[in-house]
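In what follows, chain A forms one complex with chain B and a second complex with chain C.
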Partner chain A sequence: MRQDRVSALLADVPAGPLRPWPRHEVDAAVFATIAEALGAGERELLALWGEPGRVHMAIRMVGEMPCVISTAVVDGRFPSVGRWHPPAIRPERAIRDLFGYEPEGAPDIRPWLDHGAWDRSAPLGAAGPAVRRDPADYEMLPVIGEALHQIPVGPVHAGIIEPGHFRFTANGETVVRLEERLGYVHKGIDALTTDVPIARAAERVARLSGDSTVAASFAFARAVEAALGITAPPRAAAIRGVMAELERLANHFGDVGAICNDAAFAIVLAHCGIFRERILALSAAVFGHRLMMDTIVPGGVAANITAEAARMIVATLDALLPAFDEIVRLYEDTPSIQDRTCGTGHLAADLAVRFAAGGPVGRASARDFDARRDLAYPPYEGRAFDVPVFTAGDVDARIRVRIGEIAASATLIRALLGTMPEGPILAPVPEAVAPCEGIAVTEAFRGDLLVWVRLAAGGRVARCHVRDASWFQWPLLEAAIEGNIVADFPLCNKSFNCSYSGHDL
Partner chain B sequence: MAMMLDLALQLVQITLLVAIAPLIVGITRKVRARLLRRRGPPLLQPYHDLWKQMHKEAVVADNASWVYRRAPYMVFAATWVAAGLVPTYATGLLFSWSADLIAVVALLGTARFALALAAMDVGTAFGGLGASREMMIASLAEPAMLLIAFAVALIAGTTQLSAIAALFATGDVGLRVSLGLALLALVIVGIAENARIPIDNPSTHLELTMVHEAMILEYSGRHLAMIEAASHLKLVLYFSLVGCLFVPFGMATGDKTLPALAIGLATFVAKLVAFAVLLPIAETTVAKMRVFRYPAFIGSAFAAAALAVFLRFVSRGF
Partner chain C sequence: MRTLILKSLFARPVTVPAPDPATAALEEVGRALEARVRRVYGRSLAIREVDAGSCNGCELEIHALNNAVYDCERFGLRFVASPRHADVLMVTGPVTRNMRVALERTYAATPDPKWVVAVGDCGAGCGVFEGSYAVVGAVDKVIPVDLTIRGCPPRPIDLLQGLVALIDQAAKARPGAETIRAR
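Presenting the complex of A and B:
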């Protein structure tokens, strides 16, 4: 009966006001037991976040509908999940920084998002006076051994990329340990989406990370719709699908090129850069914005696809895909680049499962999960599409997942455009009469992106939390680089392509 | 008077190299950009960059010692002298008696030593990383370079570049297996020494993969300009080395008549441009290799050069 420990615990607990998943309010003891079950691999952790007075975690058993477990914070404390389940450590540290709640028994209570430069401590909780620290004053995990040396990299890098600090401990060229320190692009998204009109919250969620703006808006819109009990019109759902796949195409093109460029094989980037640009220009022509920002709104979409635009999209795909196939052949037929990608940055399959790693990171390490299929939502419900899964777990596998998804996305776009229903593209969004909650997951190009939202009466967002896929991929990068050489880190890092902005909130 | 002329001709060579080196680098960048479907920077951009750096403030780390400040000049001086010794458009110039292949190798080694010291001087992680990688590459490339010198010397009977070039330019030596092997080895050593793909990527922004760039990350202003100019010179040095050893045709070997010198100059520049076009074409077709594969790659240069030497011992015909 061990497998059903969590179900047994939750059987008597009434489900709360969340839609569409059940939310169970439990006491600290049950919360801790469920955390222990997570650690034993009985469930996977989808998200862990806080709000004043409460901590929530979204968990899922493979093949079942996920649920949210909430516990009240008593005396500013809640049972640590990270104690049992390492993927929860960083979210917990973030909760501690933002709300000031102590995770009891947590293995790691170093600040995560708060680098000591905020003007107040625990800004979403007690909001006490700031405890200013030197941002550089941060205790890295100890590494013991002979002939080891440290290489600090960042947060300011030689290239124009987002900021993050990486501390390598190496023995010559071989990496013994990598520790990440993130949080440099904290924008206060949780605070900025607290008690604001829905439209304002939608804009802010859309700006969490520019490359995933469609997926974030999509998830936010669906969460709001779920809370209000409405659905977007079928045509709006199909258009959302086209946008989400276009975003995936643009980013995957960019990633395939950028990964090869990190091995100084710039010819792939040169061509993939053009492919990405073509998609962005297409998006601008069809939807009026290169990244399609703010085009998905609660209730539907803000931009329609005309018959002319649909033909334009198909024509662009017809031109790009054969050209991309040639680049794929070039990648496959060049031994020097294959030598760099194959076997580099291996991520073990059990770690991918343990951290519930989504997106190409998980699927390259045999974790067969795609939110579009496994937590199906319109317009993907009932549609068959390829979800490429590889078992090698190396940089090459992560490239191949992306190559496979590019083909699958193009097929999906064609299918969506071919069966585009007629009708309105925006449903009226009623004002909530009473507080209500909604949650939704969409498949961004990085993996599953979760949005939880609580609406207050009168068309306002009371609280909102966005969890980017990167939260559970960043820690895996630390594992994947171990035993590799320092010079291969950029390649591994780019093959993960985790978000800084999306993670730092 | 003859002395003055010789001195003038030698000065022409020395100044020509410094003057033309940024242009040659500009050509390689332009060609690479065109191959990558970019428009690329103007051909003269390296000159503008040097000019800009010369006029910028040189920021120096607080803990930098005199080594760090002097090294750029030392690197530039040693590289310039080495480049000035390699016969370019004419043989038998004033300094040609000192234009020994081994001396060139030693001068380049001196420049590298100074740069590696300076890289470690300020104590940043990247400086140490770059210096250690550079030394690993050098420990593989220098023996190969010496063997190339011996292979060529066994044929020409001297390590003096001017004499070798003059002999090879006559065409009496003909096609030889050992020379082919030496050329292969020299190309590989040249790629490694000049921090080109697949050993190093001169245009990367990724600190962790850098070799040469990692060593000079902390440099700025006139110091950086000196190092950049030295690396331009080094590329031209290797181009002219390949030119004078393996395609010495067109060089003014006999009397220093004006037409002969003009032909020598024109062919030299043509050779440089040809190499500057070929290099990025080769670079575009390969990815950078893993750090731990350097020994195999540069080792193949050593093996080829060693084979060239052995072949000469086996038979004079090779």
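Presenting the complex of A and C:
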């Protein structure tokens, strides 16, 4: 049966040393067939990354446990996945830049992360001498048409935001094509998490994207724990959940305000800015850091929640939620803002599915996926919570998903605090006796965040890869803006709120 | 909307510090800053923020300076959209190799007199990204830096305190108000 060709191919392939998902080593032909199956929509792609001599992809069939497919790089080549499945194109270009491996049959081999400014080429692979290029020397996709003009924006933008280049091609006011060029904040996270002590790697993963630091540390800790076959104590899991939901609250408050502000509806930003600040101040009071950086560690958490702190959290939520409801009513009762958000930046549902778009971007376009529920992990396992899903796929829907999630997160925090188990908050982390691998996904505020880690014997990280949700959302922004006016780009962009740093690695 | 505005009219401003040491410090720092900016510079300071490689943690906290709680504009500190309008570049790092040229060009586009503030442990040193092939390092490896504000990320109150230090430094460095920096 065609639907099952991937399962049939993998049935006889032994699963490798990865935990908790199986990892199958396959040859290039099988790898290519699975890539083709991805393109046919039989599986979704969760991640695609490299290591010396090997390329891995994490894939998932809806309703089943994901798995990782690995293939050896032969003569510096591996079969292109992007040839069949467009979401793989950028990860593949990144592998080509970092390792120097050629994706055979790839539709696009322009450099992605390598802007010609590094002191070496293929820094994670053969590490040859660098070919320096002018950073502006990049072949943008051709646009042909008489009445078209181009608007280059960035890398340095007008607001307090991260750098990236956007090339708009417009017909009058209407955007007919947007092309992104990213990679400006590439810091070499994969290299910096190669052969380092676990604690060092944890610090660097926590700084992949500052706004998702809790989610990244959470995923990293769970990947390390999976590799070592340990679990964090129940109390630690509950505290992690509280932190993850506080991070979601802070970011969603900020986003709802910032999106409305991009349509000059500043009153929402003014109020949401205060809500966000209250959550950050609360996080600082409870966990000692406003963004809760480095508080989730392999084995558990580094900070406890006292009874007093729990009361403080509940009191803050009691004060914020009704005030936020009032702002939501204001948003809903104001036609002038709705006029800007409704129908703007429409993302088609089939694209969201094809790119396995996570977070509010996917859920606003009917993709009903939330890693907390669908790849359940402690403390969310066995808990019922709302996962708001909308079908409109526009800026308004992405705002409404966030509004719904704010309520759901507050309910979750209250439930977690109400059922907080007693006991230790940190389990001992043994040294690995032999190399072992772990993988984990957490639901960050912007979507699913995946961490794969291989530990060497003796307590060091041999290799690590982090895949932020932005990888599969950035390309969709290019699709969502098509046919909109240039002036609505900030609105669309903010409603996606992809991470530059999280993507650029 | 009407109820909300009415409520705002009668509500106490959120900006007024509660009897909490942190917010009290904020008010103190802010007042000192305002007086100095006016004495040294004669008007407000226009700040251009440049992310030269940050994880975006610093950006979140710099953003917070604009919210109703910190409200930096009441002290004459204003974030502007172009380096050509700026007196101060607030740069977060570590400066990546891919951002080096963009940072140099931004600096060149900022009219003299200008100050540069390197923000965060990465902008001030190289932070946790030390040793990567992809980063140049601290901001001062690329452009001259007048002040560093450390922290990972620095809290908004730290940022305000840092800006006071900047004005102090600038006041010491030059007696007249015409040239702000002899470099």
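We adopt the following convention: the second predicted complex is superposed on the first by the 505 of 505 C-alpha atoms of A that agree within 3 Å, B and C clash if a C-alpha of one lies under 4 Å from a C-alpha of the other, contacts with A are read in each partner's own complex, and residues count from 1 in each chain.
Following the convention adopted for this analysis, a contact is a pair of C-beta atoms (placed from the backbone, for glycine too) under 8 Å apart; a residue touches a chain by one contact, two chains touch by 3 or more.
Note that the structure is predicted; figures quoted are calculated from it, not measured.
Looking at the superposition, the partner that touches the larger set of chain A residues, chain B or chain C, turns out to be C.
Once the two complexes are overlaid on the shared chain, A:P490 sits against chain B while remaining clear of chain C.
With both structures placed on the common chain, the touch criterion links A:I274 to chain B and to chain C.
Contacts of A:F265 after superposition on the shared chain: chain B is touched, whereas chain C is not. After overlaying the two complexes on the shared chain, residue contacts for A:G183 are found with chain C alone; chain B is out of touch.
By the document's definition of touching, of the two partners only chain C reaches A:R204; chain B does not.
Judged by the touch definition given at the top, the superposed model places A:E326 against chain C, while chain B stays out of reach. Once the two complexes are laid over each other on the shared chain, residue contacts for A:T334 go to chain B and to chain C alike. By the touch criterion stated above, A:R110 is placed in contact with neither chain B nor chain C. Legend: residue contacts after superposition of the two complexes on their common chain; A:R311 is shown touching neither chain B nor chain C.
Overlap of the chain B and chain C contact sets on chain A: residues 158-160, 267, 270, 274, 334. The residues of chain C lying in touch with chain A in their complex are 1, 3-4, 14, 49-64, 66-70, 79, 81-83, 94, 96-102, 106, 127-129, 131-135, 152-153, 155. Interface of chain A with chain B (complex): residues 149-153, 157-160, 168, 172-173, 260, 262-267, 269-271, 274, 334, 336-337, 339-340, 485-490. Chain A meets chain C in the complex at residues 113, 115, 117-120, 123, 135, 155-156, 158-163, 183-188, 191-192, 200, 203-204, 207-211, 213, 254, 267, 270, 273-274, 276-277, 280, 284, 290-291, 293, 326-327, 330, 333-334, 499-501. The residues of chain B lying in touch with chain A in their complex are 32, 35-38, 125-126, 128-129, 132, 197-198, 201, 204-209, 217, 284-293.
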